[in-house]
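Chain nomenclature is as follows: A, B, C and D, assigned in order of appearance, with residue numbering initiated at 1 for each chain independently.
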Amino acid sequence: MIKILSIVDTIDPGTVYAALAHPKSGGICVFVGTVREFTDEQQVVGLEFETYEKMALKEMDKIAEEAIAKWQLNNVVIQHAVGKKGVMEPVVIVGASSAHRPECFEACRFLIDTLKATVPIWKKEMFKDKSVWVSAHP
Amino acid sequence: MDILFFGITKDIVGAAQIQLLEEKGKPTTVASLKSFLCQKYPEMAKLSSLAVAVNSAYAQEDTPINNNDEVAIIPPVSGG
Amino acid sequence: MIKILSIVDTIDPGTVYAALAHPKSGGICVFVGTVREFTDEQQVVGLEFETYEKMALKEMDKIAEEAIAKWQLNNVVIQHAVGKKGVMEPVVIVGASSAHRPECFEACRFLIDTLKATVPIWKKEMFKDKSVWVSAHP
Amino acid sequence: MDILFFGITKDIVGAAQIQLLEEKGKPTTVASLKSFLCQKYPEMAKLSSLAVAVNSAYAQEDTPINNNDEVAIIPPVSGG
């Protein structure tokens, strides 16, 4: 069982496979979140992320442990980037590997959904003429 | 007592960290800290939600806060 | 819309991200099938895949088109390897990217489930002292 | 008429391709080809399933097969 949790400057999706491959795994499911060019038809120049790292790592660990308790997983990866990211750049990657595919798909979806709900990371959308903290206001 | 601010709350306060000095009326629970902050920074009351972490874990409204706790203000998270 | 369908000798998961990233995509979901060391507690030395390539590519295209019709996708990748593969090696990769994450997760699951059911590819499990065509017999 | 074999059916027949010569009784539909093959190669009747592709697309039992069709025998697929 390998569990990789980290806050990084740059996400390299290619490298997470080495971390997720396992002799007992027949399936690896990975989700990568990337910067979209448009939000509600407004052009996004980029995103800027900040985090409360100490707490973020603890919350990521809770999510990983919850997934491990819920599904039969071999490896789990949760990585989130901080700093400024341009369109198409990866900002988050989560993945899990398991003997059979339903487990890694369900776990992967759980990892990203829960990360978005609980991990203390904040995203500012930068438009040409303004920037907005996402979800801050009703 | 040091209080950490992140995301939009850091912009509202204009600082990543402030120190509450010992004084009468200093908040002693999460709930009283939140109302103290929302009074001092009215913009904070307009947020979708406001959570508080004590020693880097989400705290409840009635969680007590002490001088040597690490207290952080958590505006709506938006990772991913 | 980019659609990559291929039968390859070697799968390199790192390269599919370049193919799946898209300015209109906020999410990329990828599934990689890898060789497991044990099947029913028997140690597997490796797998050997063969295909009817002309038909396999046509069937992959049907699957991709069905996914594109069903979900709002930007890019789709379906790649399957042939030849001998050792434990932990990737044998298949499918992926999709979309504006929001539910679509790419659902499409990715559909791609691998349907590939396994319809694409003419055959897998022989090689054990120490025998080899068996998977699913050939009831 | 050339018939392609894959996976276990290639092992059963001992060839990746055989040619059915023009003769009386040569199968003219998918169904008759399958029963012809299962009679000639009894091991083929024991498989979980047996499909036939005509011109590289799955064919129905009543699909006719002609001399210049590319006909392929598809044992249970097991990709992934």
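Basically, a contact is a pair of C-beta atoms (placed from the backbone, for glycine too) under 8 Å apart; a residue touches a chain by one contact, two chains touch by 3 or more.
Everything quoted here is computed from the prediction, not taken from an experiment.
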Open item on the list: Treat touching chains as neighbours: how many steps, at the fewest, connect chain B to chain D?
Closed with: 3
Open item on the list: Need the CA-centroid distance for the pair chain B / chain C, whole Å please.
Closed with: 48
Task: Separation of chain A from chain C, taking each centre as the mean of its C-alpha atoms, in whole Å - done: 23
Task: Junction residues of chain C, two or more chains touched - done: 33, 112
TODO: Two or more other chains in contact with one residue: find those residues in chain D.
DONE: none
Open item on the list: Which pairs of chains touch each other in this structure?
Closed with: A-B, A-C, C-D
Open item on the list: Which stretch or stretches of chain C touch chain A in the complex?
Closed with: 12-15, 17, 21-38, 87-88, 90, 97, 99, 101, 104-105, 108-109, 112
Task: Residue numbers on chain A that touch chain B, as the complex places them - done: 33, 49-52, 54-56, 58, 80, 91-92, 112, 115-124, 133-138
TODO: Enumerate the contact residues on chain B facing chain A in the complex.
DONE: 4, 6-8, 11, 46-48, 53, 56-58, 72, 74-80
